[in-house]
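Quick notes on the structure that follows.
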Amino acid sequence: MKKLIKGLREFKSTYVSSHQQLFEQLSHGQKPRVLFITCSDSRVDPNLITQAELGELFVIRNAGNIIPPYGATNGGEGATIEYAIQALGIRQIIVCGHSHCGAMKGLTKLHTLDEEMPLVHDWLKYTEATRLLAKEHYSHYKGEELLEIITAENVLTQIENLRTYPVVRSKLYHNQLRIYAWIYNIETGEVLAYDPETHSYVLAQSLLPSLDDEISTNGDSNGYGTRTPAEPQEVIFDRLHGFPMTRLPQSQVDRIYRGSSN
Amino acid sequence: MKKLIKGLREFKSTYVSSHQQLFEQLSHGQKPRVLFITCSDSRVDPNLITQAELGELFVIRNAGNIIPPYGATNGGEGATIEYAIQALGIRQIIVCGHSHCGAMKGLTKLHTLDEEMPLVHDWLKYTEATRLLAKEHYSHYKGEELLEIITAENVLTQIENLRTYPVVRSKLYHNQLRIYAWIYNIETGEVLAYDPETHSYVLAQSLLPSLDDEISTNGDSNGYGTRTPAEPQEVIFDRLHGFPMTRLPQSQVDRIYRGSSN
Amino acid sequence: MKKLIKGLREFKSTYVSSHQQLFEQLSHGQKPRVLFITCSDSRVDPNLITQAELGELFVIRNAGNIIPPYGATNGGEGATIEYAIQALGIRQIIVCGHSHCGAMKGLTKLHTLDEEMPLVHDWLKYTEATRLLAKEHYSHYKGEELLEIITAENVLTQIENLRTYPVVRSKLYHNQLRIYAWIYNIETGEVLAYDPETHSYVLAQSLLPSLDDEISTNGDSNGYGTRTPAEPQEVIFDRLHGFPMTRLPQSQVDRIYRGSSN
Amino acid sequence: MKKLIKGLREFKSTYVSSHQQLFEQLSHGQKPRVLFITCSDSRVDPNLITQAELGELFVIRNAGNIIPPYGATNGGEGATIEYAIQALGIRQIIVCGHSHCGAMKGLTKLHTLDEEMPLVHDWLKYTEATRLLAKEHYSHYKGEELLEIITAENVLTQIENLRTYPVVRSKLYHNQLRIYAWIYNIETGEVLAYDPETHSYVLAQSLLPSLDDEISTNGDSNGYGTRTPAEPQEVIFDRLHGFPMTRLPQSQVDRIYRGSSN
């Protein structure tokens, strides 16, 4: 505790005094472009690993970077996601797991948690899909290897859950939201990102090229940005978040029940 | 009631006596190939509109053909879906909305339901994403037109919810499950099916060609069928259910954290 | 799936074209007289076994034809029941179980479901009363015999649950709702109905005579129709739904607080 | 997004390569000494403001640094707190609010959130005590001033909630847990800490002297370390976390039921 309080002093005397302009600006409000959802693990520091400055990342952290499906519980995750999208107009969400995740280890021995850590046991219910996948498809893997797979699958499971939130579905519908699946490697400090094209996790850097025409974040907190042209967008869009949104073309909306007249 | 009981008598004397073999066979168990999720509306009769025989359709019916996300409630929908997939080995799910849906009408005047029909009000929470879409994107539509759009969007919302169930995700992962979005038109008796390729609802018949190489349902209730070759499958698969599963190729599974060595 | 889509085509070309008037009429709304609650089992087809036409049956289907008690969960059953009674003015409810029910089989080996089908396990909690009855009173029965008893008891348990819904109690109080307990026999196609007078299930047909003076359904969605004369009604009423509502005769209601002045 | 991915590269090439030993050590597990609960706000970076290194802070972040009371919901907060104390043996918890908090602003206009951000609305229910306090005791304050008060009170409300968790109460009972209330000032970069002695927030630094005899954190995940002598401990203990645990002195515990024999 002493160490932390001394840290506060150091932060004030060094960082703050050398970033006066930034603090001046931040006092007028925040305009983060990214919602970063990751684990509570002390070895993961979103701002440090992305070298992001104060004001850039809106952060949710809990054990296992888990997002209960919409309506499943009145927890902080849903409210914070809603606030990020509706109030802050955030248009990019990163769900970031990490190697050696204690919560994922717990998932591999769920039965033992019921007595010892009942709340953790109940919390892991929201990644039950991951446990089932591991049981049905990865039962021949063990130890570290199994843990790696579960960690990678859990991030995808959480993105499935994330998609059930009304505000998320609405923004996906408008091509105004992208979702990314990341894994941070605690030993190497490297980040893998899920590439929907190859259906595999690759070094995040390798996705850079395709990032050139990024969706421009319109700061307005209502998020009624001008609609980006559908087709080309769609492609990049899909390649990037890997979870294409099913949507009705305007043409159809005007005559849904005239299917026969096609 | 008299009419129904007379109907029972007629059913017994006509249908049953003329289908002895079928009844004989059904007495040994059911092997339905399809889980049909639709509305309670008296004008929708799954077996009649698909001309399916006894034993072919496993059916869930509630107001609005709604499926709460996994973990959101301890209701009949989740349990029945789990039973259909785990115990019966069903590999095809149809979510079928219909025109003039009373539940969807309720969604357009949700505020009035709180007092009058509180349970319906709370139930519609599970299609809140549809209400938000309508509010943000279809506010210039009114009456019948708006209702048609909401009905079409609701089916897609429910499929998002459906995907959060562990057993659903697991089977999608194995390429052993297909999900279809249908709308039944009460006036014309026609069915529209969602075509992910064109992102629009079209006459179900028009999808027939692509149905030639269908996933063979292995009756075993555990559903560990032989894995179908990924690539070609994938294509048809995606075209048909429109909700491609993000999955790890075996090659990657064996070395998730060696991303850098790519 | 091909088969079903071909069925749609056949339905359209045969049934629809030969029932133009019916479809015309249904397009103006539904006026079902019965809420039919039954199992998702593919071998049960409410419209077929009762020979009911489109528009006659409002249907709820889930695994085990189970109805959670009021307030137990935010599921589709309660909302659909509320909608049937409040919005559609339905005055007759049939809860229909069936032989060889998979959910009831599950109830006989509940402990094995926890791991394999957790959602089914939790869902069966709403018929725990049936399991307890079987354990305490029918432990000397086994196999098929026990299953038949459990199936019959489950329908009665679910009617107890049904009676906990405010709208149900209110309508029962006004003699404006009848509840029927049915069991459909999958091998013979016969239906047994519960006869409260003999406290036993008998062939549904045998109840016909007493059906002559049926409660007329007044379509009004508030359901405060003219009060039918109490006493004779009562008799048939009770005989038919087997679950007499405890109520004060008008005569008493008028002088409850004049006890002393008697 | 491009910026972040470039950041990942920079992090790898600079920080990681210059901290090889740290990463080596972290790969063997984490031993954080502090659970840091704060807001998702992008202007708050726990590690930066405390100058803490990777591995030192276990972090929970959500909108409003809110902790639902034990049993109120199956959310991430409770599970993460339980994991921090039971699995990691953490013995110090900091709940850190901050100036210009959007969630707290929301609390001042709760009625407007119901329609616009329903999940945020429901989430703020867990700081209703703060809203009531403001309404009953601070109604004469407005704008920024009121917001500051609410922010300060909210941290104390959340600590009340925190104390309802079984693992928290148990460790408090054993003098093995300290809870701190902090407020981070976004403009100045300064941190105020609650001083239970003066019942006021003061510059965190000013508490330093009293930190000399800190409770030593024994890493064991069961946390039943050797009992520290009660009396002197008590004083510092209370002074520091401001939420003295009601407990019986051992002397009394030994003779509660011997009252007469005194």
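Letters A, B, C and D mark the chains as written, and numbering starts fresh at 1 in each.
As a working rule, a contact is a pair of C-beta atoms (placed from the backbone, for glycine too) under 8 Å apart; a residue touches a chain by one contact, two chains touch by 3 or more.
Only a predicted model underlies this, so the values are computations on that prediction, with no experimental measurement involved.
At the far end from subunit C, in terms of centres built from Cα atoms, lies D.
Here subunit B and subunit C face each other with the same set of residues for the most part; over half of the interface numbers are shared between them. We define each chain's centre as the mean of its Cα atoms; on that basis subunit B and subunit C are separated by 24 Å. In terms of their C-alpha centroids, the spacing between subunit C and subunit D amounts to 53 Å. Annotation: 45 Å between the Cα-based centres of subunit B and subunit D.
Touching two or more other chains at once are residues 118 of subunit C. Chain contacts in this assembly form an open path, with each chain touching only its neighbours along a single line. This structure has the following touching chain pairs: A-B, A-D, B-C.
Of all the residues in subunit B, the ones that touch subunit C in their complex are 1-12, 15-16, 23-24, 26-27, 29-30, 32, 34, 40-43, 45, 47-52, 54-63, 66, 68, 72-84, 86-88, 92, 94, 100, 102-103, 106, 116-120, 122-125, 178, 180, 186-191, 193, 204-205, 207-208, 211-212, 214. On the subunit A side of its complex with subunit B, the touching residues are 68-73, 99, 125-126, 128-129, 131-133, 136-138, 141, 148-149, 152-153, 156-157, 159-161, 163-167, 169-170, 173-174, 181, 183, 185, 188, 190, 192, 194, 196, 198-203, 206, 224, 242-244, 246-249, 251-253, 256-257, 259-260, 262.
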